[in-house]
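Shared between the two complexes below is chain A, which pairs with chain B and chain C, respectively.
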Partner chain A sequence: MAAATALRANPDRNFRYWLLTPAIFLLLLVGLFPLFYSLAVSFMRIDMMDTDTSFAGLYNYGNLFKDKRLWEALGHTLLITVIALPIELLLGLAMAYLFLEKMPGRQIFVSLLVLPTIISPIVAGATWRLLFDNRFGPINQILGWFAGHPVTALWTINPRLVYPAIIFCEIWQWTPFMFLILLAALSNVDRSQTEAAAIDGAGFSRTFLRIVLPAIWPVMAIAILIRGLDLVRIFDIIWALTSGGPGTMTETISVYTYAQGFKQFETSYTAAIAFLVIVILTVVVTWAIRRMGLAK
Partner chain B sequence: MSPLPFHRRKTVRLTLRYILACLLVIIFVFPVYWLFSISFKTPDEIFAFPPVWYPKSIQFSNYMVLFKDGDAKTVLNSLILATASTFIAMILGTIAAYSLVRFKTGGENLAVWIISQRMMPPVAIVFPVFLLYVFFGWVDTFFGLILLYTAFNLPYVIWMMRGYIEDIPLELEESALVDGCSRWAVLWKVVMPMARSGLFATAVFTFVFAWNEFLFALVLTRTEVATYTVQVTHYFGGQSNFWAKIAAMSVLGTIPVFFAVATMQRYLVRGISMGAVKG
Partner chain C sequence: MVTRRDLGKIGLAAGFAGTFTRPAWAESAADIAVKAAQQYKGQTISIVWEAGLQSLDPLNFSGPKWKELTGIDVKVVEVPVAEMFTKIMQDFRSGAGAYDALNVIPAWMPDLANAGALEVLDPFVDKYAYRDELQKIAPTYRDNQMMVNGKIYGFPDDGDVFVMYYRKDVLGDPALQAAYKEKFGQDLPVPPTTWKDFDQVGAFITEFTGGKTFGAAFFRESGYGNFMFQERFRTEGGKFFDGETMKATINSDAGVKVFTDWLAENKFGPPGVEQWGFVENLAGFLQGQTAMTVSWPPYGRWAASYGTDQEVMSWVPKSTIAGKVGYAMPPGGHPELAAGFCLSVSSGSKNKEAAYLFIQWLNSEAVSLERVKLPYALRDPFRDSHFTDPGYLALWPDAKDYLAALQAGANNGLLDLSLLQTDKYEEVLRQSVSKLWAGEDPKAILDAAAGEWDAITEKIGVDKQKAVYADWAAKSGAYPKM
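This part shows the complex of A and B:
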């Protein structure tokens, strides 16, 4: 493009760097600095009792492998992610199909359905904590109507119910997110192609897999990526609902790292965990961004 | 059974869709309703068994308590932090995005690095940031939190504004330059006005992200700049919760977000999908 070349060949050559400098400086301060700091501290032995800043080698990293609670926390995080993410996706897709065709008042329905997604996750967790209350919450009451006898389930305490409670809250808050994005993606699918397929006698599933899915995939992939990464670092909802309890049963990697750093004051060990998390996620994120075509 | 005539089938279909739509709205909106209703209930109504489905009268004493005890100040803190950090992030992010788009500074790699900062788990950096803040004495200061939220939101602003600036035709800038405008003048007088709606939509999202943030606020605030999200969690108890306060504080913190999002419905999808859906 001639115009672009002219713009780029302007005399004040440093202008473009001046524009970027403050932003990059802040990102380095809050993004890259902690990375190196974590790395340095993770090779020392600093905890609540001791401030031994001499080089301790891979001592903390060795401990990572022996830390049962850490691997359990990773497992919990993965469990929540692999259950909640597909449900949010499929439910969101079904809802998007429901509202795809025009119907009077559709905009009002959509606006109302979006409410859960825009409130603070901490408020979402708090709200469900109130809803799940075994005695004064409405959920046990409603379940009681169907069961025909009073239900007194301890949703946030009973080990068998606590995961369903968390996942329910998570799905409630983020299905509308999937729904909105997928509704927009579906609306952009070329109508004439799906209609032609229907005339040719292709059923719904065939049309969906051959025409609709390839068309919405770029957008769907990004929605999955955004939600997947949010789920992997899930903290707020857990904090409000269970704080990782009962015991350490619902501790996710974020909750566990927090506990190590700010309750046990295991400075060096927390740095090692943080660094492990950063390395795992950097690999996953970089791969995912490139793979899913977020980078143009 | 003979198949229904076409227009009847259509009516049945539409009715079914309405029934399903209403059911979904009830399921998704009920928790929000419950939160609001508790905030207006008297203690007797909150702790009634079986639960009372709606407050008998709208009374504001639950809110009055928050204002009297000074807890409502945390909403003001959230407002200051979110507004200031949004403002700064928008300025720094937009000029950075302009550099990325017009001059291809750093190429695709820099853009990917910037957005990957957004994907980092906060918990991985919150601890070293905390130590840094203790060292500089920035814990529980507006400056510290605004700095952090600005940096936290920058990748999003840069990424979104990159998309909006790409949509601006280059010819306008060209002719402004030919007319003798300086670089900065082009940026302020041509690019910014042209990207107005994008700026606004991005600012609303940035505001909401900062407003909803919890983990950094939990770690980096004590009393002076505690945000409303942190305040809500203070009402949780081991045995009993301060239900009325949880609900009233949550509502206070939710209403501004509802208004913010209502102002930019049109850009909602583009905003939450990080620009993947242009609309």
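This part shows the complex of A and C:
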């Protein structure tokens, strides 16, 4: 009797941990195990074409620094990111401002504008490849109407056109994402403050910089971070449009990693690339979070 | 009214009736396979097959027929060709045993066989008396695409070969011929047999017609360009490696000439030809926009409108040139035996015997003949009997010339380069072609490619690769006999 009372009074303190165990185990299994396994693989000599799986030490990591194509791929990724991200942000912000006020058919327009974001990137890339096609695509045809003569621009081959084509697709697909997030943020800005600023004679830029931007900044920073990370991982659109070509001119780090892992079968080296990317991204994201004030 | 489709069905029925009602003393390989396989009734075997049109063969024809004859279900695993090697290797390395039978591109065979992913077929071949019928496969395929280290790992099952197609009406136009003679002081060669003549004729047609009909178009998209380069490079006298040192020699004068000539040829081809792959080139030729091209055998059948009335072929542009097409060897006379397929058994299969019996049946003389005649199939004639089959010869008026060109191609064809980790070398070539269209200098591209090839060879092991290359280079179809 006394024991039962004691049990009721002091239930097993560890019971709550037991309840959490399955969830933690699952998280470790699907989250951390692959990570640690990949890390282990990156120190080995695994290649799908060979049976040698011996320990390689830092061999694969050493090769990273000698791999010109890898650093070029990182450069291509950076190039796309630094061009596409600001354009998406500015266009998204402009569109959000445009749709901030009530207007007839606003809901329908917003829904239509968001459509590209819903499409799978690989489908979007394949669609744009068709649109850019020299023989069957309408883009050259439309340009031809304006030019007054047939236009045979090779959008996915010509070195001068291939990046504009990729960046255009990327902006077409993801600007609506920025737009949607920024529209929500702008809708929550305290109107009384902007109205007061207007009464005090503040212009648009002053109001935006002093009142609107600080108000929407936490949301905008998150949107920049999400899109920035997406752009660093960009794969589908590139793969569908150019497969990294011409040559390796548009090969991004994701495309290169895929090529090493699933076309060249360099399993361990691919794991090393993946960890290099993780390290770079961790440093950049940590810096960005601090810089953007998101850590507060 | 009896339609072509009905005729096809009657033909198939008659073929099978002939095949499966023979007396016991004349048992064919197909009969033997069917009888032996009946013990596995109720089982399911899986086979990896290229996704798309290729898969219609086992899905619509051979799979259901096999089920009817043996009670064995065939599960067709459709995989895009670019992923087939990866999937097969992944299945093997993981030990999953998900695939029983496989379609394997011959150039992959050394890699797959050396890795242990393929089952040695010799014991089955002997057990099920298939050697005689195997011998009737056209020698190029039989002698070059079946074995690794003296053991059979696959049955050649697709006579893929590049053929030159040309418009007889365009090249035979008296006005064009007269103008050509006036300009060059020589008769217009019909068809051109050297690349020099081909380029001259092609440029002249474009000039003469004012671009209404372009002289020629080709596969220029890098995936196909790899095959085109391999053929052209060797017909220009190029060798892939120095056999002693295993240093890559693709940056030789022959390689640079190929790339330089390609750039010149693009100028008399349709605008944007640099982007052309299988479908673009097909559409250009079938719609009468180009006078000459080089491609795989289905172009010839579809140009003659054979099989294109089938619903599954609705994507093929309607031919406007039926009856006007000539078939010949590509200039140089040594066409690439580009890609192709062999039938193999996965070493990880849990149904090896049943899988083997299925591929023996598919590959047998009787059944393969029906398969290469399927209007929608992409399997091309590969047995001596296919080239002379009266039924095939009667499929369209010029089928005789077509089959003669395919047979000549089989006899003179050049094998795809096949080494350890071939795809790594081919990937470098694909990228090189892509760089060429981006405007880079041919010599610089090929110097870089040769450097990359050397790095791949060194990583694999020079001596190891040297032995494999020596084995490949000794094959009859490795280099043209000059």
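Quick note on the criterion: the second predicted complex is superposed on the first by the 250 of 296 C-alpha atoms of A that agree within 3 Å, B and C clash if a C-alpha of one lies under 4 Å from a C-alpha of the other, contacts with A are read in each partner's own complex, and residues count from 1 in each chain.
We adopt the following convention: a residue touches a chain if its C-beta (ideal position, glycine included) is under 8 Å from a C-beta of that chain, and two chains touch if they have at least 3 such contacts.
Bear in mind that the values here come from a model prediction, so they are computed numbers and not experimental data.
In the superposition on chain A, contact is made by A:218 with chain B only, not with chain C. Residue contacts after overlaying the shared chain place A:92 against neither chain B nor chain C. Set against each other, chain B and chain C touch different numbers of residues in chain A, with B touching more.
Of the two partner chains placed by superposition, only chain C is touched by A:49; chain B is not. Contact with chain B, but none with chain C, is seen for A:41 once the two complexes are overlaid on the shared chain. Look at A:263: by the touch rule set out above, it reaches chain C but stays clear of chain B. When the two structures are aligned on the shared chain, A:135 is found in touch with chain B and with chain C. Within the superposed three-chain model, A:245 lies in touch with chain C and out of touch with chain B [touch as defined at top]. Look at A:159: by the touch rule set out above, it reaches chain C but stays clear of chain B.
Comparing which residues of chain A touch chain B with which touch chain C, the overlap comprises 135, 262. Against chain A, in their complex, chain B makes its touches with residues 14, 17-18, 20-21, 24-25, 27-29, 31-32, 34-35, 38, 46-51, 53, 92-93, 95-96, 98-100, 102-106, 108, 111-112, 114-117, 119-132, 147-148, 150-152, 154-155, 158, 170-171, 173-174, 177, 183, 208, 211-212, 214-215, 219, 229, 232-233, 236, 241, 243, 246-247, 250, 253-254, 257-258, 261-262, 265, 268-269, 272-274, 276-277, 279.
Per the touch definition, chain A reaches chain B in the complex via residues 1, 3-4, 6-8, 10, 12, 15-17, 19-20, 22-24, 26-27, 29-31, 33-35, 37-38, 41, 95, 98-99, 101, 103, 109, 111-124, 126-131, 135-138, 141, 172, 175-177, 180-181, 183-185, 188, 218-219, 222-223, 226, 229, 232-233, 235-236, 239-240, 243, 253-254, 257-258, 261-262, 267, 270-271, 274-275, 277-278, 281-282, 285-286, 289-290, 294-296. Of all the residues in chain C, the ones that touch chain A in their complex are 86, 89-90, 93, 111, 115, 222, 270-272, 274-276, 280, 283, 420-421, 423-424, 427, 431-432, 434-435, 437-440.
The touching residues of chain A, when paired with chain C in their complex, are 48-49, 51, 133-135, 150, 152, 154, 156-159, 245-249, 259, 262-265.
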